[in-house]
Structures are given as structure tokens and as C-alpha cells.
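There are two complexes below, and they share subunit A, which is joined by subunit B in the first and by subunit C in the second.
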Partner chain A sequence: MIRLEKRPEPSQAWTYVTPLLAVLATMIAGGMLFAILGKDPFVAIRTIFWDPLFNEQFAAFSRPQLLVKAGPLILIAIGLSLGFRAGIWNIGAEGQYIIGALCGAGVALAFYPLEAVFIFPLMILAGALGGWAWAMIPGLLKTQFNTNEILVSLLLVYVAEQLMASMALGLLRNPDGGGFPGSRNLGDYPAASNEELIAGTGMHWGVVAAFIAVIFAYILLNRHRMGYNIRLAGQAPRAARFAGVNATRLVLFCLGLSGALAGLAGLFEVAGPAGQITIDFNVGYGFTAIIVAFLGRLHPVGILFAGLLMALTYIGGELAQFMLGLPAAAIQAFQGMLLFFLLAGDVLTNYRIRIGRAEVA
Partner chain B sequence: MDLSSIDPILLIAALIVAATPILLAAIGELVVEKAGVLNLGVEGMMITGAICGFAVAVETQNPALGFIGAALGGAALSLIFGFLTQYLLSNQVATGLALTLFGLGISALIGQAYIGVKPPITADLDIPLLSDVPVIGPILFQHNLMVYLSLGIVAGVWYLLKYTRVGLVLRAVGENHDAAHALGYKVVRIRMLAIAFGGACAGLGGAYLSLIRVPQWTEGMTAGAGWIALAIVVFASWKPWRVLLGAYLFGGITVLQLNLQAAGLKIPVEYLSMSPYLITILVLVIMSADRSRAALNAPAALGRPFHASS
Partner chain C sequence: MNIKTLLAGATLAFGIGAAAHADDPLKVGFVYVGPVGDYGWSYEHNEGRLAVEEAFGDKVETTFVESVPEGADAERVMTQMALSGHDLIFTTSFGYMDSTIAVAEKFPDVKFEHATGYKRADNVSTYSARFYEGRAVIGHIAGKMTESNVVGYIASFPIPEVIRGINSAYLHAKKVNPDVEFRIVWVYTWFDPAKEADAAQALIDQGADILMQHTDSTAPMTIAEEKGILAFGQASDMINFGPNSQLTSIIDNWAPYYVARTQAVMDGTWESADTWDGIEPGMVAFAAMSDKIPADVRAEAEQMIEDIKSGAYHPFTGPLNKQDGSAWLGEGEVADDGTLAGMNFYIEGLAGDIPS
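What follows is the complex of A and B.
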């Protein structure tokens, strides 16, 4: 008989090993999925994980994409991880990402075609504020009315999507666009454009912001009282209450910060790789970032690696779509599977597996 | 704007159709939560049910088999959640989210071959005499079987929870799993059954969307219906009849805003489309603002993992 015995403390070793095991298990299960779809599993796995980086034909194009895709994922996941640690579940990062992009693009388009150095910083501010404000809605409803932040933040994603559609068709529509939906392309507006900083690397300001966020989150969690409170509230909510941790402040801080970071990610995306507000501007980074946060063990450095790995599956997925005709949805299912295996693996971190009958105590 | 183009009788009949998917998903989730498990994967199970039901119905040309397939598909997906949370003791919130992400992916994958395909038509019941009664006939007696089945499930759940031993055990497990365990009830097994029931109901709700309400398959077609179902359980304070009320209220808002769009109200379509979500949030706020009442009705062990140490 197999039974589980709770460890007195979570195992450090398993904390590091389980993400690797999960990736391995996902590759095996994913391979089986691809085999069912009639693709050679080994070729598919190689196309997803190896070719984007090392294939001579594609690597030159897809390597820079790694940072372009990892930037927003890491930025959003860092914000989410702080809340997840404290048991505050912001799962509406997708909405905050959209609102950040709308606010940032709105500022840029308001100044169009003025060329001035203050425009881009102002856009960054607007993007962060937009995301922050959108996340404050579930935050304030939680602290004032005890409303479930999971449901409110998620439902607001759909509201944000509709708002974006209305903006792309109305207020922010390109007046010279011949009536097509979508805003002006910010790539053609140098003062507002978030261009590649080093040619051929994919490095843009959003990636820089993501790296800064990783460093700050690390310092916050390990060296700052707020970080300590976050960890305490997550591990021992009762102890946190007795220790005088202000729950209201904690909720507003975590939701606000994650919203601001998601907003920033949206702004850097709309000003850079995407270029414009369109009806289908958002591509699900806000949801994939949830997987990134867990895969990175809610730890800033872990999230950095997890973000890069998840970006790789995005690029590899596109490549597999193009090369093997693997459906785009297969990658989505693949990413979901990864989270399953990861959560399943956590049992090894928190419990010992004992085989044999329990002795009577 | 031409409000006279809105026919109140058709509106109420359409309301029932719009509410049924959410009603099915919500009543399933109510049972799951009554057993003390918070499954946030309703959206994923719904959309998986939508495509499983659609695929089976198209292949067999039989909508009834489609609905059975949808229930099985939803239940199968929910058992992944059950295995992870009940046997491997994973975090319920995170696992529920994973279920939604996975469900959206796998459904899009299965659904590729079915884009643009027309499903077989689910016939409306035509009850002699009753269907022909003016006003009441079109509202109450000209629906398909699933509408009546959903009402039957609500009544069944209400009766089960309130008057039977099974319901009592289920509630005991949800209120205090340690006490239920000490009394010798199989907490994990009971919860697994509840989770499977919730998954089957969510699957049926999804299939109602893809086979009757829309009826065709598009990726992500549930568009938050699963999340609204979760909100309705909170709105209902975990009471079956209030779930019915909440779902029909929500259906009413959905249908009304669609009718206002058609009637050409001077509000952009996007703002009308977001109204169901905003009103759901508003209702959630109102229901949770009264702390004492909200706390009284929620199952005490909701979302807490159970690990029998002895």
C-alpha cells in the first residue's frame, strides 16, 4: 500500500528537481500527444525545443524572438508570483496587460505626431498606472467588500477585451487607416516606438524592465520587510495576523504591483513587437504567465528561467506549426500539461512516499 | 431605437435557453463546493464538454449521444483535477487554473476538424395542448429536453442535499472533513464522486452551447461562461434554488443586451457585450459585502486539502 507522510519541512532538493521532472514528463506525454496527431514525436520535440535555438536555418530569426516573448512573460509572472506567495490570486493579468497597452498607446496617440523625449517615459508611466488601476478594482473590492479577487480579476479580462475592441474601432482608430479597425502603428512614430536596443538580439525596453523586475523582486523577498510579510502571510496566515501584518495593505500591494507590471508588459508590447492596438492584440501572455510563475517556483530567478523556457515553447510551437503542420492549439495543451505535471510533482516536495502498511501508533 | 421590436414572450423563452448552460455548470459546481472542493476549472470542463459533445453528435448524427459524450468528457477532465488535488494534495486554486488552461488547449486541438461543421439539430419538445397555450406555451413548453433536464438536476440536487442521507454525508465532508473521516466516511472517495458530477454537469452545459445555443464550434466559445457559473454559486449562497434564480437572471441580462443591440440602442455594441460581466461583478460585491451571511453559508472546509494522517 502506498501512503503519504507529511514532511516536517518542504524538501529543498525536490523543490529544484520537480520542475525538471515536470518538463521531462511533459515532453514524454506531449510526444505521445503528437504521435496521436500523426507526427513523429522525436521530430516534434526537437522542432520545439532545439531547432529555434540551434537550427542553422531558423536560429537567426527565432533566437531574438526568445527575448521578445520571454520579456512580457517574466514581467507579468514576477508580479503574479508575489501575490501567489501570499495567497492572493490575481488571475486577470491578461486584462491588466490590455489596459496598460491601451493607456500607453493612448498617450502616444494623443501626442502624435509631436517628436519629444518625454513621450516614451510618459507612456511607460501611463501603462503602469493603467494596469495598476485595473488591478485595483479587484483589490479594493476585496478589501472593502470581501469580494473574491479570483472571479473579479478574471471577469475583468472580458471587460478589458471588449473595451479594447471598442477603442480599436473608435477612439484610437487610425484616421488614415481607410476605415480598418486598429490604431496607428507606433513603429512608424519614433518618439513612441520601443525599438530593439541591440540589433539582432530581440532586447527591447520591456526585456530590460523584466530583468530589473527580477532583481527587485529578489531583493524585496529576501531583504525587505514587505517581502517577509508576503512570505509569512502565505505560509502561516494566522501567525501573520498575530504578528500584525496588515492584510489590507498586503492585498492592495500585491494586486497593485502585479497589475502595474502586467500593464508595463502590455505597453512595451504595443509600442514594440505588436506596434498597434488591434482587436486581437492580446495573445494570452497573462494566462501563460501563471504557468511561468509556478514553473519558476514563485522564485524570481526560477521565473527568469521558466519564462525563457515557456518562450521557447511558443517559438518552437510556431516553428512546428510551420514545419510539421502541428496545430497551434497543441502547444496550448502542451503548456497546460506542464502545469499539471508540476503541481503533481509538488507532492514529493511536501510529502514522503511510504510503501507498506502503516504501523499503529 | 425600436423597442417594440422586442417581443417579451420570445425574450423570456430565449432567456431560458441562454441561462441553461450556466445553470448546468453552476449546479454541478455547487455540489463540488458543498463537498468542500473548489474547482476553478469549470471553464475548461465546459469547453471540453462543448467539443466532445459536438464531435460525438456530428460523428453519430445523434444529439443525445453527443450530450452523453459531453458529460463523459467533462467528467474525465475533472478527474484529472480530482486525482491531483485529492490524491496528490496539490493546491486547488492552481490546479483549477491549470485545468482551464489545459481544457482550452485540448478543446481547440480536438475542434480543428469541426470548424464550420453543422451539428445535427436537437429537436424541441412539442407537447400537445400545453405547447399551444398562449403566452405560457412558448415560454415553458416549447423547449428541448435539456432545458427540462437541467431543471430536473436542480430539483434533484436540492432534494438530495436537503432530505437524503447521501446529501447529509456530502455536506458533512464539506463542512468538516476531519470529523467525517473520524466517523468512517471515505472523504476522498466522496469528493472524487462530487468532482466527477461537477465535471459532467459542466460538460453538459458546454455541449448545450455548441449543440443548441450557437450551434456550431468555435475556439474559446464558452467566453467566460464557466467563470460566471462560479460567480453564480457564490451569488446563490450555495443554495440550489438560488442557483436557478441567478442563472436565469444572468440569462435575462444576456438576452436583453443582445436584443438591445439588435434594436439599435445608441450604446456601442462592445459596452453592451461587457454588461453581463460587469453585472456579475456587481452581484458578487453585493452578496459578499454582508460578511456574516456570506461566511455562514460557505462550506467550512471549502478549498482546504484533506490528508488523513492516521
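What follows is the complex of A and C.
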């Protein structure tokens, strides 16, 4: 007879071991899936995890791409993790990401074709403010009217998408684009372009911002009063109230910060790798970042690694598609397994497995 | 060393490698914006890929990546294809335009083919289909067959391609039925079965008894079948989703073009070109006409197809006014490709505004 017994304290050891176990279990289960699809599982796993990093032909290109793909994921996930720790659920980072990009690109296009050093900093400011403002909507509605921030922030994603489509077709449309949707490409506008800082490294300002956010979040959580309040509110809401934690301030701080970071991610993406506002500019970073945040155990350093791992499965997954002919759905299932095994592994963190007869209570 | 020289070096190495193994199969890559199972846009491009495999057998190796988002992801996929030795890459979505140009610049020895765009380079061709020719035919059938005189039109985005289709369908419906009205719902997506189904329902509620769609899922066809009304398929034959509803479907047939372009690369005759083909070369095709279409209407539709093929008839032939009543084409005048490519106005008689 196997039964689960709740641990008095979550196990520290298991917290660190379960992510590794989850990756291992994903490889095994994923390998089986690939084998059923008629592909050599070892080749498939190697293509996904090894080739993007070490393949002679193209690793020199795909390694830096890892940073490009992971940058926005980490930046957004860091913001989300603070709120998640305090029990404040911002599910709408995708919308804040879009609004940040729109505001940033809007500033750039308003100044086009002026070349001036203040444009890029101003875009950064606009991007952060845009994301912040979009997150303030669920924030204020929650603190003033006690609405559910999960629903409001999520639904605002769809509002943001419509707004973006309207911008790509109207206000921000490239006047030289022959009537086609999409803004000017900021890559052709040096003052507004978020280019690689060191060529060939994939390192752009968004990646730098992501690293800074990791350090900042680590310090906030461990060394700052606000970080203490966040952890307290999440672990013991009643105690937090008695300790005088201002719930309203906490909600606005967490939603605002995560919105600003998502907005920044959108701005750096539109000014850099994406280049332009189009009708399909957003590709789901805001939602994937939720997975990254949990995969990283809501810990800044964990999120850093989780973001890189997630990026690896994306890039490796593309390789597996065109090198091995695996369908995209198999790759998505593979990514889903990763989260599934991780959450399943949480059981071991919180519970102990006891073998033997249950004591009569 | 910057990324460009690094990549150029890599291509150089591949160029030499490829020359040394002339017997190696030609590697042809395809980048799809949707899943190959969408039974619409990406599905038909994949059918074209399969036709290339069929035509050349061992002499080609084809690969594809599906559901690739536009922007940085597309650029990465194309770059990795080029780096891994592909000779010819088809990028099959309008939104891949800037990425295709950027990657092509880094790999001068790799040939790129971009669908529906307008930016070209020495190693980048563009190709698109004159779907408005097909829309003229279905517009004619709809005008003849509607009983409520309301045709429902599910439109994706207000871009020239879609506006051209609406104009062409409306013009030919109106010609045979002066009382016909078009109700247009803009869904702002190419592929979203739920939204498309909602739009179809809304149009039926407004009295439409025939549906046309310029989106890629089979959802509107399914709704039409459920509600017992008629509809035209889009991009591929949707007869399995609307056995009683589908009158015909405009099919994107990329196979002849893909085979021809692959052959050109093999022969060393590939050159950058802008192709805009219609019914005549077979890029625009039709699914079997339903028995529900009366014999005379069917004969007229088939005659129109023949006339468009032979060049005897151009769907946009004057006299034709714009929506605001201003003259566009004089008597017997035919629209030029430039105006058609950038079409951003409704023709006279259509109600409502193009959203912007």
C-alpha cells in the first residue's frame, strides 16, 4: 500500500531535484512519443537538446538565438513571479507586452526619420509605461471594485490584440507599404533600432534588461521590505494583514511591475528581433512566460535557467521539424510534458511517499 | 567578426560542399504559417511540396516547419534552413516578407520564394495567385442563386488581397442580380475556427443564405451545413465539411509553380521574378461544382472560367465606379495590375466602410 503523507515543511532537496527529474522524465516520455511516430528517439532528443548548442553547421548561429528567444520570456516571467508569489495572478502579460510594443513603436514612428540619441531611451520609457498602464486596469479594478484580476487581465489580451490589428492597419501603417498592413521596419531606422550590442552574440538591450531584472528581483525578494511583504502575503495572507502589509499597495505594485516588464519585453522585441508592428506581432511570449515562471519555481535564478531551457526546446523543436520531419504538434506535446512532469514532481516536494498500511486515524 | 561575415563564411563553405557533391539531392525547404492540417492555406502549400517530391523523387529532399510565427521566429527558421544546406526555400506567408529579404541578403547562394509579398532581390522571387478571378466566378453563381438577396462574406483583414476579392465577387453578383446585398464581417484573423463560426452565425442571422469566406478554417462551411444554407469553400476543397452546402471552392493550386521553380533551380535557370498567375496556368482552380447549381448557371460559370483563361474577359472591366461614385474604369477599360495589387477602395454599390 502506497500513500502520500504531507511533509510538515516542503522538502528543500526535492525542490532542487524535481526540475532535473522533470527534464529527464520528459526526455524518456518524449522519446517514446517520437519512437511511436517512427523517429529514432535518441536522434530526436539529440536534435532538440544538443544540436542547437553544439552542431558544427549552425550552432554558431543558434546559440546566440537562444538568448534572443529567452530574453523576453525571462523578463516577463520575472515580473509575473513576484505577483504569483504574493497570490496576485497576472495572466495578461501578453496584452501588456503588446501595448508596450505599440507605445514604444509609436514613439519611434512619431519621430521618424529624425536621428537623435534621446529617441531610444524615450521608447524604453514609453514601452514600460504602456505595459504598466495596461496592467493598472485590472489592478485598479481589483483594488477599487474587487474584480478578479485573472479574468480582467486575460480578457484585456484580446482587447490589446484588436488594438494592435487596428494600429497595424491604420495609425502605424507604413505609408510606403503599398496598402499592406504593418508598420515601418524599425530595423531600418537606426535611432530606434535595438540592434545586437556585440555582433554575433544575440545580446540586445532586451537580454541585458532580462539579466538586470533577474538580479533586481533576487535583491528585492531577499533584501528588501517589499520582497518580504510579497513572500508573507503569499504564504500567510492573514499574518500579512496583521503585520500591516497594505494589500492595495501590494496588488498595484505587483501588477504594475509585471506589466512594466512585459511592456519592456514588447518594446525590445518590436525594436529588435521583430522589427515592426504587424497584425500578428505577438507570438505568445506572455503566456509561455507563465510556464517559465513556474518551471523556474518562481525563483529569479530558476527563471533564468527555465527561460533558457524553454528557448532551447523551441529552437531544437524547429530543427527536429525540418531535419527529422517531426510535426509541430509533437514538439508542443513535448513542451507540455515538461510542465506536466514538473508539477507532478511537486507532489514529492510537499508530500512523502510512505509504503505500508495506513495508521487508523 | 560580425554575424554577417560568419554566416557568409558558412554559406561559402556550403557552396563549396554542394559543388563537390553534385549528385546530392536538391534541398527544398518550406516555411508554413499555420499547421499543415488546417485544410486551408498551409495545407495547400504542403500539397505543393508533396507534388515536388512526387515529380522529382530522389533528386529532391523537401523539408518543412509548420506554425512558424512571423517575425524573429521566421527569420531564425529560414536562417537555420539556409545554414543546413537548403538550396531553395519557399516562405509562404505575407508576414514573412522582411524576414525573407533579411535572410536572403546573408545567403546569396540560396534561392528564396516569398508568397504574396512585393519585395524582391536577386535571390528572392515573389509569387501570388489571382484569386479575384475565382471570386468573379463564385460571385456570379451567388448572384444567381441567392433567394434572400443577402450574401454573407467573412473577411480576414482589410488588405488589398481581401478587398479585391470582395469587389470581384460583389461586382459579378450584382451584374446578374441588381438587388443583391453583401454583408461583410471582418474577423481580423486568418485562422480561428471559433471566430469564423461566430461570424458565419451572425451573417445567417442577418438573412444571408449564401456564405463566402476569405479565412482559412472549415468552420464557416460546417455552420452552413448545420443551418442548411449554401457556401463556397476557400483555399482547398471543403466538401467533406459541407457535402450539402458547398457549391464549389476556390482552390490554391501551388503545385505547378513549385515544380517549375524547383526544376529551374536544378537546371540553373532560376531567376528572380514576380509571378501573379490565375486560372489559366492552373494556380487558381475550382472544386467540383455542386449539383445544386442549375445547369444554365453552371454553364455560364464555366463559360466565364473559359473566357478568363483565354484572356477574352478580365473580371475588372469598365465602366466601373468607386464606392463614392467617382469614375474608376472607363467603358471597356481593364484594371491595371498596379491598381489591383494595392486596391484599397470598394466599388460602387457596396455598403459600409473598409475599416482602418
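Just so it is clear, the second predicted complex is superposed on the first by the 359 of 361 C-alpha atoms of A that agree within 3 Å, B and C clash if a C-alpha of one lies under 4 Å from a C-alpha of the other, contacts with A are read in each partner's own complex, and residues count from 1 in each chain.
We adopt the following convention: a residue touches a chain if its C-beta (ideal position, glycine included) is under 8 Å from a C-beta of that chain, and two chains touch if they have at least 3 such contacts.
This one's a predicted model, so the numbers in the text were calculated from it and none came from an experiment.
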Fit or clash between subunit C and subunit B when superposed on subunit A
clash
Does subunit B (first) or subunit C (second) touch A:134, or do both, or does neither?
neither
Is A:337 in contact with subunit B, with subunit C, with both, or with neither (first, second, both, neither)?
first
I'd like to know which partner A:205 touches here: subunit B for first, subunit C for second, both or neither.
neither
Just subunit B (first), just subunit C (second), both, or neither: which does A:170 touch?
both
In the superposed arrangement, which partner chain does A:162 touch: subunit B (first), subunit C (second), both, or neither?
both
Based on the superposed arrangement, let me know which partner A:253 touches: subunit B (first), subunit C (second), both, or neither?
neither
Counting only touches as set out at the top, which of subunit B and subunit C does A:273 meet: first, second, both, neither?
second
Could you look at A:321 and tell me whether it touches subunit B, subunit C, both or neither (first, second, both, neither)?
second
First (subunit B), second (subunit C), both or neither touched by A:329:
both
Subunit B stretch colliding with subunit C in the overlay (listed: 111-119, 129-137, 165-173 or 273-281) is 111-119
Please report the subunit A residues shared by its interface with subunit B and its interface with subunit C.
162, 165-166, 169-170, 327-329
Which positions of subunit A touch subunit B when the two form their complex?
4, 6, 37, 84, 89, 91, 141, 145-148, 150-152, 154-159, 162-163, 165-166, 169-170, 287, 290-291, 294, 327-337, 339-340, 343-344, 346-347, 350-351, 358, 361
The residues of subunit B that touch subunit A in their complex are 40, 80, 84, 88-91, 93-95, 97-99, 101-109, 111-112, 219, 223-224, 227-228, 230-231, 234, 268, 270-271, 273-274, 277-278, 280-281, 284-285, 288-289, 291, 294, 307, 309-310
For the subunit C and subunit A complex, residues of the former touching the latter:
1-4, 6-7, 10, 29, 35-36, 63-73, 75-77, 79-81, 83-85, 94-95, 98, 102, 118, 157-160, 188, 341-344, 355-356
Residue numbers of subunit A touching subunit C in their complex, please.
57-58, 60-62, 64-65, 68-69, 161-162, 165-166, 169-170, 178-182, 185, 187, 196, 199-200, 269, 272-276, 278-281, 283-284, 314-315, 318-319, 321-323, 325, 327-329
